[in-house]
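Presented below are the structures under discussion, each in the form of structure tokens.
Okay, so chain A shows up in both of these, paired with chain B first and chain C after.
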Partner chain A sequence: MRYTFRRMIQAAILLFGASVLTFLFSALAPGNYFDEMRLNPQISPETIISLRGQYHLDRPLPVRYVQWVNSLIHGEMGFSFAYNSPVGPLLWVRARNTLILTLTATLIAWAIALPLGIWSAATAGRWPDRVLSWATASFLVLPDLLLALCLLILAVRSGWFPTGGLVSTGFETLLPFGKFRDIVMHLTLPVTALVLSSLPILIRHVRAAIGEVLGAPFLRAAEGHGIPRRRLLYRYALRAAANPLISLFGFSIGALLSGSFLVEVVMSWPGLGPLMLEAILARDLYVVIGGVLLSTLFLVGGNFIADMMLYWADPRIRTEAATQ
Partner chain B sequence: MKNPHRLGRWLVALGLLHAIIACAGFFAPYDPREQDRENPYVPPTRVHLVDAHGRFHFRPFFYGSLIREDSFERLGEDSAKAVQIQFFTHGARYHLLGFLPCRLHLFGTGSGRIYVLGSDAYGRDQLSRILYGGQISLLAGLLGAGLTLLLGATIGTTAGYFGGWRDALLMRLAELFVALPWLYLLFALRAFLPLAVSPLEAFLLVTVVIGTVGWARPARLVRGVVLSAKERDFVRAARGFGASNGYLLRRHVLPAASSVLLTQAAILIPQFVLAEMTLSFLGLGVPEPVPSWGNLLANLQEYSVLISYWWMYLPALAIVPFFLGYLGLAGALQEHANPYKMEAASLGGTG
Partner chain C sequence: MLFRCENDQPLLRAENLEKRYKRADALDSKEEVAALSEVSFSIFPRTTLALVGESGSGKSTLALCLACLERPTSGNIWFGEREVTALNEKELRAIRPQIQLVFQDPASSLNPGWTALEIVSEPLLVQQRLGKQARRAKAHALLEQVGIPAEKASKRPGIFSGGQRQRLAIARALALEPKVLILDEALSALDCSVQAQIVNLLLELQTSLGLTYLFISHDFAMAAHLSDQIAVMHQGRIVETGSVETVVHAPKHTVTQRLITAAMGSPALPYPPKVA
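Moving on, here comes the complex of A and B:
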């Protein structure tokens, strides 16, 4: 329990640091949303100054930060100039969609990577391992962008899958099962792109982790005792190799978040990615800050879950935490 | 070691690939900005050795295309208009390696344009643009990785060698940077910098942004190596003889970190090239008319281009051999560094 508490404190400090950092970066920015207005002869300089004052952009940085934290407590996270609304509600919807996409992709990728990686390690040097190594290497060198574009063109040409968005038009009229099916159809392509781009690295790590424990004396002893191979691999070896894999699980969420940015933009999935891109092009300051912080929250959350799983899975960490 | 030549082979292969891009002017038949508005989206030219009458020619040639009068629609090859391809011919002016004025090209044609990899919306030659674009993308990746490693090595060495509050502060900062999803951080940094800038400024901006985002991981690795290296007996002995910090760092500590840095370089360079591609693809990187692998792909965001012109995908494939090369190099470097690691372990070090 104390371990959990300490981890949460650490995560909170990280998030605080990240928010300060992004604010500092934003202070370096030459120009802001209202600079574009200066080019417009119909808007007088006085209006722009008063607008800047209205959104407190003329205040010093620490004041702005405190005001932002204050609005964060109210769930607003600052104000979007382009959407003319608080940032919070804008981000929640997008963040939910990004979460749906990345969590599904993470689960599927791991469900595929674990057995394939174990199989590859168990047959090291023989043909399944060689075929898998070749396959992972060739997928590794294909840029994600190309993968996403190819899947998109597949969707366009075949017409099997919708080519963008979260739901079809007329989604509201569908029955519950129809709604579910519609979302699954829309999810298929972006999830496939994400899974394919993250699989090779995951398989390689699983193979390395399992391969490292396969030679261990305790496994040879277990083998000598006549324990079936499948049980040996999935119960004994996987348990012993769990530590690096669980850490990797935390990191894989971060990698998928970064990967999903591009996939979301290319496949027009209404997640954080397209919103961030729009905000960057429009210099919509608080939306950018909010997007970065939310994605950090996901990553920190993923690592937090990984830490908890490690605590549960690895007795060494439990005793270490207890003695501290 | 399994194969002592592996490292050398990857280095040679990568060297050749980079040499081709560095001498883009020679391998590219045209200037990358040269437009031909009458030839938009021309599919890759089919090069022949056997003509319509079944006769074999040693010199490759291609046919001009039959074009309908009232549109740009192509109806096939015009067997009356055969154009020979000339090798080592003079063509558009360029600067070899950026400074040697030169006109020699690997191949070219006397009349009629050859599009080995097709042409884009303005009739610019895709092959030339891919070759020149590689210069931008690879240079951004190389410089970015250099900057990252410089930052990582400096910060990691400071933290590991001097320890104390510097170590605590720098490593907390590194934790922070590792915790931020790097692509989002990259975009955020880019967001806070000016958008409408000249291609050169944009290139420098992108390189610096890419280079500053990723320092945390190499810094942590270097710190680990430095920590173990400074406690080695020969380093202590040298310190006992009165060696200065500068000497110890230069002579004993940094060489220990070099293999980590090299491996990191092989891992980071392709990642950073990809980062440049992503930024430019989304319109936040190097702008037109200067080609880069990213902005060459940008017009695939148009639906009509996406479904009609398959050769517009080719710039994405250009990075594949480089990826493969760096992947192999990273593997070979790790293998190369391993014996040292074994040795260090047997000597009681933790490197």
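Moving on, here comes the complex of A and C:
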């Protein structure tokens, strides 16, 4: 319990530090949203100054930070100049769309990577392992962008899948099952792109982790007790190799919000990716800060979940934490 | 000490064993390394055969083949009346509990996440031999048998000393009541005084449980002290076999002579041979 508490305090400090730094760096970056207006001869300098005042951009940084924290408490997270609305609800909708995409992709990728990685480790040096090693190496060198574009071409040529967006036009008129099917059809391509890009790394990590424990004498001993091969691999070896994999899993939770930017932009998925890209280009300050902080939150949260899972999975860590 | 009767059948017999591995360092090489070649020997019930040789001479490969954990490339192994090299994977799984291994490094041979009690009960759980209560009782009895204090039953191997870990490994190996115990350099990682304690424990257990040992070591003196028969391995072959006295007092092969000198400084024995 104290272990959990300490971890939470650390997470809170980390988040606070990240928010201060993000604020600082976004203030140091040259240019702001209203610079582009200055180039427009139809907008007078006075208007721009009053606009800056309206959004408190003329105030000193600490004051703006306190104001931002205040609006964070109210769930607004500042104000978007481009969308002319509070950042909170804006981010929430986009983050939800991103999560639909990345959660599906992460779960599928792990569900495929675990058995394949274990299989690869168990047949090390023989043909399944060789085929898998070649396949993962080939996908590893293939850029995500190329992969996504290939899938897009495939979709356009075949016409089997929609090539962008979350839902079809007329989504509201569909029955519940039809709605589900529509979302699945839209999800297929970006999820495939994400799974294919993360799968090789996951398979290789699983293979390495399992391979490392597979030669361990205590597994040899268990084999000597007459344990069936499958149970040895999935119960004993996987359990013994779990720690690095759990950390990796935490990391992949951390990448849930930020890992799919490229795929989202290429496949026009209405997630955080396109929003952040626009916001950065337009210097839509609070949207950028909100997005960065949300990603940090997930990173910290992912690590926190991984720590909790480690605590649960490894009795040695439990004992260590209890004695401290 | 235990003498073998001449009419006894060998408990474990190997004939013309050969094990070849593909070279790991070359990518597509067809080159093979012979870890074992033309290995033949017999171990009789309730006796100890020592397998002595330098590191890399194929001792551990032989141990894994005999424990049915690796298949030899060619040759035959008999366990009692059964030819284990002819069995399929499922039949092997039934044989394996009869031949148990104790490894060199007690730190890595015990699952670091389990308590002593869990480690010792695991083989029983795998084999579904006993009910929950009986399993617990048996595990406690095993720990007591190897001299691990009862209050340490709920501790994990991390806090145990090297000697205690090796005791734990022996208890685990005994859980399934095996006929043969293969001690693969089981004493090498321990210091002298602890070695002596474990040797005494092994001798005690051999008498009380009627065990057959295959004692693998690079330490000739220890092998001579513990065994009835000695086989000397060199580059995957057995170059000399015989009773302890004949091999120690009249070593024929240069490798044997070298090993004896290495272990004792001179051809004199620090320990009395087991069979007087």
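Note that the second predicted complex is superposed on the first by the 318 of 324 C-alpha atoms of A that agree within 3 Å, B and C clash if a C-alpha of one lies under 4 Å from a C-alpha of the other, contacts with A are read in each partner's own complex, and residues count from 1 in each chain.
In this text, a residue touches a chain if its C-beta (ideal position, glycine included) is under 8 Å from a C-beta of that chain, and two chains touch if they have at least 3 such contacts.
Keep in mind the model is a prediction, meaning the values are calculated, not measured.
Of the two partner chains placed by superposition, only chain B is touched by A:280; chain C is not. In the superposition on chain A, A:122 makes contact with neither chain B nor chain C. By the touch criterion defined above, A:300 reaches chain B but does not reach chain C. By the touch criterion defined above, A:248 lies against neither chain B nor chain C after alignment on the C-alpha atoms of chain A. Which of chain B and chain C touches more residues of chain A is settled by the count: it is B.
In the superposition on chain A, A:189 makes contact with neither chain B nor chain C. Taken together, the chain A residues at the contact with chain B in this complex read 14, 17-18, 21-22, 25-26, 28-31, 137, 140-146, 149-150, 152-153, 156-157, 254, 257-259, 261-262, 265-266, 276-277, 279-281, 283, 288-289, 291-292, 295-296, 298-300, 303.
Within the complex formed with chain C, the chain A residues making contact are 125, 216-218, 220-229, 236, 239-240, 314-316, 319.
Chain B makes touch with chain A in their complex at residues 172, 175-176, 179-185, 187-195, 274, 277-278, 281-284, 297, 300-301, 306-307, 313, 316-317, 319-320, 323-324, 327.
Residue ranges on chain C touching chain A, taken from their complex, read 22, 24, 64, 67-69, 89, 93-94, 96-97, 99-101, 103-105, 108-114, 122-123, 126-127, 156, 158, 169, 172-173, 175-176.
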